[in-house]
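The two complexes that follow have subunit A in common; it is paired with subunit B in the first and with subunit C in the second.
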Partner chain A sequence: MKTWVKILCIALLVYTIVGGFLLEVPRLNIVNESIRALYFHVPMWFGMIALFTVSLVYSILYLNKPAFKRDAFAVEFVHAGIVLNILGLTTGMIWANYTWGSPWHGDPKQNGAAIALLIYLAYFVLRGSIENEDQKARLSAVYNIFAYAAMIPLLFIIPRMTSSMHPGNGGNPGFNSYDLDSRMRLVFYPAVIGWTLLGVWIAILRVRVRFISEKLLNLEHD
Partner chain B sequence: MTKFFKLLCLLILPASAWAQPIEMADTMRSEGKIYVVVAILLLIFVGLITYLILLDRKITKIEKKLPPDSNS
Partner chain C sequence: MIATLFLKELTLELRKKSVISGLVLYLFSTVFICYLSFSLKQNQITPLVWSALFWVTILFSVINTVAKSFIGEKKGREIYYYSISSPTAILISKMLYNFLLITVLSLTGWLLFIIFLNNPLTDHALFAATLLLAALGFSTSLTLLSALAAKANHSNILMAVLSFPVVISVLLIAIKVTKNCIDGLDRSVSYPELFTLLAINCVVAAASYLLFPYIWRS
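After this line comes the complex of A and B, so read on.
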């Protein structure tokens, strides 16, 4: 990751924290100031989707032409994506407790996110259960494609077919009027980019550690 | 008369002190002290990012110790 990307990431997140708390937001009943959680809760999900998408691409690349590097990217981007998923779920539970009335509301999107988490955790169960490195990489790449294909309907299709309390779901696609508010966009989009870049940064650090340990292993064999 | 004057002084002096708001560094205390929360969050964020940057540099250092890439 280039240094300027890291600086951009930090700058966007500092702006998110300052702007997210101090700039004007729409005054709405029930959500009140908690609407600012949008700048922190929702980017977790955007970041997760971005990381899982990168992982999916590397898995497909791996199946096309097996290489250690491709597998390393696929694993670590899922790993960082799961961290964002858990943060998204827990922040959502805090938010739901004070706006919907209970932390686990059985909202279709909430359930879908939890099932997606389980599906992706199973990715690591699968990897842990195979000894042979090539088999591990190939089978988990296939599973990763399945996991992505299962996550998309869970998060984006099913919540729209039933009624969901998440804005933009339950029949009316796209963003609801409140997050389309132009004042909020000014912070929301930078926040999405910033948090996503932070996830990518951490994932790449983990990839590099994986490269190092692989190199050390090769040195021992020589 | 002196008594009345003293009483007048006691009544008026504090009032005149309160009459105009005194300028202090109030930014951090205004709007329900939200700026304090922002400062705390920024500090935590800067701390975590510093930690991440140090980790990044440490990994770079180790990478440089290893022999350059051959094919993997």
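After this line comes the complex of A and C, so read on.
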């Protein structure tokens, strides 16, 4: 990653944390100050989808033309995506504990996110149970593409068909109508970019670690 | 080619009756365990409990059924098939065959449930349509995963781990429509769900069709 991207990422996150806690927010019943969770909870999901999509692209590229580099990118973006998924679930649960009354409410979107976590954990189980490196990379790329296709209806279609308490689902209005007024947008969009960049940064660091250990392994063989 | 392969699957299955009778016995024992665990308290099986028991039973039998489609193949025979036909023909024939098998199994399961655990459904035609669509969803998604799991160690555990998350979206919609069937809601209420189920099936089938050639190459 270029240095200016890293600086941008840190600046955006500092702004998110400072602005997210100090700037004015709309006064709404029940939600009150906890509306600030929007800056920390929602960007996790944007970031997760972005990272999983990058991983999907690298898996498709890998099947197109196998290369160690592409497989490394696919794996590590899933790793970072899983971290964001867990953080998103946790922040959601903390928020739900105070606003809905209990951490796990059986909301369709919450369940969908938990199942998405299971899908991608199974990806690592699959990788763990194949010994041949080429075969491991190819089969897990196939599963990654398949899992992504299975995850989309779970997160974006089924919650809209059932009664979900998330905005934009089950007849609830989306963010745009009243939740997210222009003051919140000022922090929300930078927060999305900042958290996504952080995820990409972590993933790229891990990819580089993977390259180095691969290089070391080759040196040992020589 | 697809028809030949499909007939071959069917003939092999009918010639070797042990597998299919094993599956039916598995289904029967599961239903019977459900019945025994609720014994004498039949009235406690509310419609929702019925639908939960039904789909859990079907899910487990189906995963066991489809798992054998690639995992059970002998190594040498597989190479022979691949040398005489295209991978997509093999995949489609297996999918069709699994679809047939799952449909037969779920209908049997339904019959067994009616016998042992009564029948809370009011709209039978709609439920049959749901069963068919769910069977299509199971066969399209699980056939590919079976081929995937067959290449790895500990195939049977892996099959369960990989398939549960993937078939859950099919299962959730099926359970929702089942509830509509039990409540006797108007059919037009369930049409959007059935269309979504069909759409998911198409997406998953297309993904399997595109991805399968990459699996068998190894």
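Keep this in mind: the second predicted complex is superposed on the first by the 215 of 222 C-alpha atoms of A that agree within 3 Å, B and C clash if a C-alpha of one lies under 4 Å from a C-alpha of the other, contacts with A are read in each partner's own complex, and residues count from 1 in each chain.
The working rule: a contact is a pair of C-beta atoms (placed from the backbone, for glycine too) under 8 Å apart; a residue touches a chain by one contact, two chains touch by 3 or more.
Just so we're clear, the structure is a prediction, and the values are computed from it rather than from any experiment.
S.K.: Do subunit B and subunit C fit side by side on subunit A in the superposed arrangement, or is it a clash?
M.R.: fit
S.K.: Could you give the angle made at the Cα centre of subunit A by the lines to the Cα centres of subunit B and subunit C, to the nearest 10°?
M.R.: Computed angle, apex subunit A: 150 degrees.
S.K.: Examine A:I158 and indicate which partner it touches, taking first as subunit B and second as subunit C; both and neither are also allowed.
M.R.: second
S.K.: So, A:K215: does it touch subunit B (first), subunit C (second), both, or neither?
M.R.: After superposing on A, A:K215 lies in contact with subunit B but is clear of subunit C.
S.K.: Of the two partner chains, subunit B (first) and subunit C (second), which one does A:L22 touch, if any: first, second, both, or neither?
M.R.: A:L22 sits against subunit B, while subunit C stays out of touch.
S.K.: Taking the superposition as given, does A:V5 touch the first partner, subunit B, the second, subunit C, both, or neither?
M.R.: Neither partner.
S.K.: Which holds for A:I115: it touches subunit B only (first), subunit C only (second), both, or neither?
M.R.: Second partner only, subunit C.
S.K.: Touch test for A:L139: subunit B only (first), subunit C only (second), both, or neither?
M.R.: A:L139 contacts subunit C only, not subunit B.
S.K.: Taking the superposition as given, does A:I202 touch the first partner, subunit B, the second, subunit C, both, or neither?
M.R.: The answer is first: A:I202 touches subunit B but not subunit C.
S.K.: Decide which partner touches more residues of subunit A, taking subunit B and subunit C as the two options.
M.R.: C
S.K.: Where does A:V14 make contact in the superposed view: on subunit B (first), on subunit C (second), on both, or on neither?
M.R.: first
S.K.: Looking at the superposed set of three chains, what is the minimum CA distance between subunit B and subunit C in Å?
M.R.: Superposed on chain A, the two chains' closest C-alpha atoms are separated by 21 Å.
S.K.: Give me the intersection of subunit A's contacts with subunit B and its contacts with subunit C, in residue numbers.
M.R.: No residue sits in both footprints.
S.K.: Mind pulling up the subunit B residues that touch subunit A in the complex?
M.R.: 34-35, 37-38, 41-42, 45, 49, 52-53, 55-56, 59, 62-63, 66-67, 72
S.K.: Please name which positions on subunit A make contact with subunit C in the complex.
M.R.: 63, 115-116, 118-119, 122, 125-126, 129-132, 134-135, 138-139, 141-143, 145-147, 149-150, 153-154, 157-158, 161-162
S.K.: Which of the residues in subunit A end up touching subunit B in this complex?
M.R.: For this pair, the touching residues of subunit A are 6, 10, 13-14, 17-18, 21-22, 67-69, 201-202, 205, 208-209, 211-212, 214-216, 218-219.
S.K.: In their complex, what parts of subunit C are in touch with subunit A?
M.R.: 141, 144-145, 148, 151-154, 158, 161-162, 164-166, 168-169, 172-173, 176, 192-193, 196, 200, 203-204, 207-208, 211, 214-215, 217-218
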